[in-house]
Amino acid sequence: MNSQKPVRSAIPYSRGNVKPLLNEIIHALDRLLDDDEPTAIDLASLPFAPGELEELERALGHGELKAELDALGKSVIRETAYPGVWWLEHRNTAGEIVGRYIEITRTPEILMSQDADIGAGRARLRDSFDNSGPEFNKEAGK
Amino acid sequence: MDLLDFARGPALQVAAYILVAGVLWRLVGIIMLKEKPEFSEPRKPGGFMAALKVIYTRSFTAAPFKRATLYPKMLAYVLHIGFFVVIFLFVPHIVFFEGFLGFDWPGLPNNLIYLSGVAAVVAGIALLVRRLTHPVLKLISNFDDYFSWFVTLLPIVTGLMMPVRMGVRYETLLAIHILSVAVLMIWLPFGKLGHTFLVFVTRGTTGMVFERRGAKT
Amino acid sequence: MTTVDGRHPLDREAERLAYKPPEVRHDIQGDMETEERVEKAMHHFVKNFNSQTASYLDGCLHCGMCADACHFHVRTDDPRYTPIWKLELFKQAYKREAGPFALFYRLFGFKKKVTIDQLEEWQHLLYDSCTVCGRCSLVCPMGIDIAGLVSMARHGMFMAGLIPHELHETAKRAAETGSPLGITPDKFEDRVEWMADEHDVEIPMDVEQADVLAVMSSIEIQKYPQSIAATARILNAAGESWTFRTDGFEATNFGMLSGNPGWQKEATMKLINAAIKIGAKLIVLPECGHAYMALRWMGANMYGKPLPFKVMHISEYMADALNTGKIKVKKVDTSVTYHDPCQVSRRGGATQAARDVIRHLGVDFREMEYGGDYNWCCGGGGGVVTIKRADPLRHRVFKLKMDQVEKTDADELLSSCANCRQSFDDSQEHFNWDYKMGSLMEMVAENLEDEA
Amino acid sequence: MKTIPTLGDILQAQGVSRRGFMKYCAATASLLALPPAMVPRIANALEQARRPSVIWLSFQECTGCTESLTRSSSPTLEGLIFDSISLDYHHTLQAASGDAAEAARHAAMEENMGQYLVLVDGSIPMGNPGFSTIAGISNYDMLMETVEGAAAVVAIGSCAAFGGIPGANPNPTGAVSVQDLVKDKPVVNVPGCPPIPMVITAVLAQFLTFGQLPELDIHGRPMAFFGQTIHDRCYRRPFYEQGKFAETFDDEGARKGWCLFKLGCKGPITYNACATVKWNAGTSFPIESGHPCLGCSEPGFWDKGGFYAPLSTGKFDSGEKLAGAAVAGVALGAAAAVAGRRRQAKYTKEA
């Protein structure tokens, strides 16, 4: 697991959007704990100076959990050094970033298995279970 | 042609013609009136240096009048200096002047410009309030005073609105700002704002007349 | 002559030399139609506009600061006494008739011709409440010489026959008899002889050739005749070749004060001609403020070319004589404060002369706060002291002067202007005030060393 | 009318998982500048959305707009939106040509009467119809004919939106914009030279998702993208406020990334999303590369003086006219003074 604690005092919030954004995250964490209300921030809607996004990423650091998703391109869903604060990056099949979000929640919705997919998966499983002979069981048992 | 193009182009152009023609009209119209002959034996040389001296010294208040005129003088200083800073030290303005002067000079950070502008506006408002309430000023003021006040403050106010915006589009505000400057340029030669150039004539004249007498200037 | 005297007998008892209050005031002179008066006023306003006055009249910012310099406004808070407001009609005439944009002002009627009502109202402002002291000219941030403009505006008023009764009568008497107080050459000669006897001093009269022509003001001749003797003593002590002349002795100029340039020129030319006739190199003016303005600074302009002689105020003459050692004075053990006559000091440039003289006298000199060039006027200059109806206002204004003098706590109050002196005397009587004004020249004359 | 499949059907058919769909919805929300909280609504709407027919007309243009839109060769999320529309006519992209192409256009129009979108790039010459024709049809005729049954028109690029470079002074072809001609259909302008591809797809996504056109500004541009100036969203704005400016393209200020105002940046009067959406898949935008904004998404940007003339410079003629004004002023002053003297002389005589 990728666990890297940030050195708190060394975070340089030089200018621009980093500091106000961190403040917003603090308030979002308040809402999460007090009212059980999650928050999502679309980073594409904010103007970042060159290097500022990296600065934000550094400021938030890396937490205990990191997940990769492969659907219509790769996505990375990573908890930051501050539990409950998640960093999400979606890429398309060409590997280009199509969305960057910070979610303040217990688990990002996209990590959950979705009913539609569960249903479809169950159908697929049942289908192959029904249509397979001992090979399937043999394979499954390996 | 949109409003901004009109403001930056023909409006400024025509305003500049009127400004130049008007200033010269007024100056020449005054200077070419008959000369007052002066045959008295001078006590001191007087002349051009005396004119320069008074042009400078009248920028300051003589000690006996300091207390009585402190308030309006202070406001007038703030208005003039604030206006000067805003006009000549705001970088976009410097770029404007550079456009036809061909050289530039260092400007100030914008927050100092905003501060100067706000100070000038506040002083301007205080001066207007004074004009509206002070018995002397109420009596001697006329349309020129109020209109000149208006066209002087207008460019500062429209300029200060640019960073604030208040829902008005930037290019519209910029156009209004430039148009307000054009109005100021057009009015300047004709009303009391003519003091921008007449001050050199009046002070200079007094300097020459009284300095040669050796009298107080 | 007699008619003038009969209608306006001199008030010889008063502390100032003036006329008894007229029983019926004639503040409108002549029998012109209203329209003609307005035309006259406009025409004679307009005649004064030259490049200098034009820049002044065009330059006013309406800042109102001149009000703070004017004793009439400071003491009354009446906004009409704002100096530049006193010129409103003059300005109006300028903008309409001679300014760069006069065409528009006329075409669109932005500035109308003045009206008779305005003119009558402004008589009070241009005469009763302005001593032409020029303090306002010093505060003006544009440097406008307001006082000078007031003098010019008076031309229009005079020609329209709209000046205060007493000033008109005084000026008229001066024009007709050569002296505002009706001092004829004979009378002058009498007084001079009397003083020569009384003070045992030699006083040359009507000498054919002399280096110095001394002149007097009627006020001195009538009320302070000892000035005649003092003048003689000083000039004698200096060893000057000098004389009084019966054909040119009156230094006052009521043509100038009242606003009649013709009369002003006449009075000035009398002195100039007398000086030229005797080949004088110098005219010594008496202790009179406006005489200094009239001859020293305006004389050559009346003459139309530079004067062939020098002009000095007596204080300047004394300073020069003391500085060069021509005369010497004994030290005087007293404390003195000095009231500057506006036309000599502030507007005439001779502020230092009186101080030099005072220094030679070795007295404890106590300058008034903001004395010298910023001195408060006595309140009686510019002809105001003659105007009876202006007395209450003048007395009110004098309070400033009293405060200024009292603050010095000096033993003696001196000045070098007979007009200031009579206006002080009158106010002193009115207020029953401790200070009695003395003459700088008399103090010098009394303390001359090695008197001849 | 043939049955049009919903987007949900299409995605399912392509084997896109629910997670993938959610990712797609999030990207769409981001594209439409909607808050992430709107994602469920978008998901719901997109599942039901039906694939609209699109006709793309190209007139006096340089193909830069099409290039901008199609620059990516691999399928992307934006690409998905194009997958979910039916691009029935695009003479640059389609294989068919001549009569066959025109037949496809007519077929699409008939099948989707009142439903289809018309996308236009390029301006329309009004000087001479022969200046620009397709299959012998003048641009004007083709536009008016196609627009007849359209649900809405999207003018792509500054040429279609405002007349563009063909309309620059002296405008030899008499080029006009779509909105100059189409008065009875909603017209959305997506100006820019070229426009940001995301903005084009966003307009389509909005139409696809909610069946309606976005909110527009005074120039008919989507507020979501053209609501703020480049200057307002520019990361170099603090330098402007501090008075730190690059004076040339190679001075210290330029290297330090200071404000480009003095180099003619039109950011303050240019409404576009470059500073936030950026170009080349979010890589950067012109100012970030050290070049001032040209203001390409503004009407008449080509005629607003030099690209490198600072915004606050006035546009003055030569000094000759000013000298003329000076001479006139002196003459008027002299005349006024003479008139003043005359009046004085007259009065002196009378008096």
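In order of appearance the chains are A, B, C and D, and numbering begins at 1 in each one.
Convention: contacts are C-beta pairs under 8 Å (C-beta built on N, C-alpha and C of every residue); 3 or more make two chains touch, one makes a residue touch a chain.
Small disclaimer: the values here were computed from a predicted structure and weren't measured.
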Legend entry - Centroid-based (C-alpha) most distant chain relative to subunit D: C
Inset, instruction - Determine the chain that sits nearest the middle of the structure, using the mean of its CA atoms as its centre. - result: B
Inset, instruction - Can you check how far apart subunit B and subunit D are, centre to centre, with Cα atoms defining each centre and the answer in Å? - result: 43
Inset, instruction - Could you grab the centroid distance between subunit C and subunit D? Build each centroid from C-alpha atoms only and quote it in angstrom. - result: 80
Legend entry - Mean-CA-position distance for subunit B and subunit A (Å): 62
Inset, instruction - Averaged over CA atoms, how far is the centre of subunit B from the centre of subunit C? Could you give it in whole Å? - result: 38
Legend entry - In subunit A, residues with contacts to at least two other chains: none
Legend entry - Residues within subunit D bordering two or more other chains: 332-333, 336-337, 340, 344
Legend entry - Contacts with two or more other chains, residues of subunit C listed in rising order: 49, 98-101
Legend entry - Touching pairs - complete list by chain label: A-D, B-C, B-D, C-D
Inset, instruction - Would you tell me which residues of subunit B are touching subunit D in their complex? - result: 2, 4-5, 8-9, 12-13, 16-18, 20-34, 91-93, 95-96, 98-100, 107-111, 169-171, 174, 178
Legend entry - Residues on subunit D engaged by subunit B in the complex (per definition of touch): 218, 229, 231, 240-243, 245, 261-262, 268-269, 298-300, 303-305, 309-317, 321-322, 324-326, 328-330, 332-334, 336-338, 340-341, 344
Inset, instruction - Using the touch rule from the top, collect the residues of subunit C that touch subunit D in their complex. - result: 39-40, 42-44, 46-47, 49, 97-103, 159
Inset, instruction - Could you please specify the touching residues of subunit B with respect to subunit C in the complex? - result: 25-26, 28-41, 43-44, 54, 58-59, 61-65, 68-69, 72-73, 76, 134-142, 144-145, 190, 192, 194-195, 198-199, 201-207, 209-210, 213-217
Inset, instruction - Provide the residue numbers of subunit C that touch subunit B in the complex, in ascending order. - result: 49-56, 58-65, 67-69, 73-74, 77, 79-80, 82, 84-85, 88, 98-101, 137-145, 296-301, 303-307, 310-311, 345-351, 370, 373-374
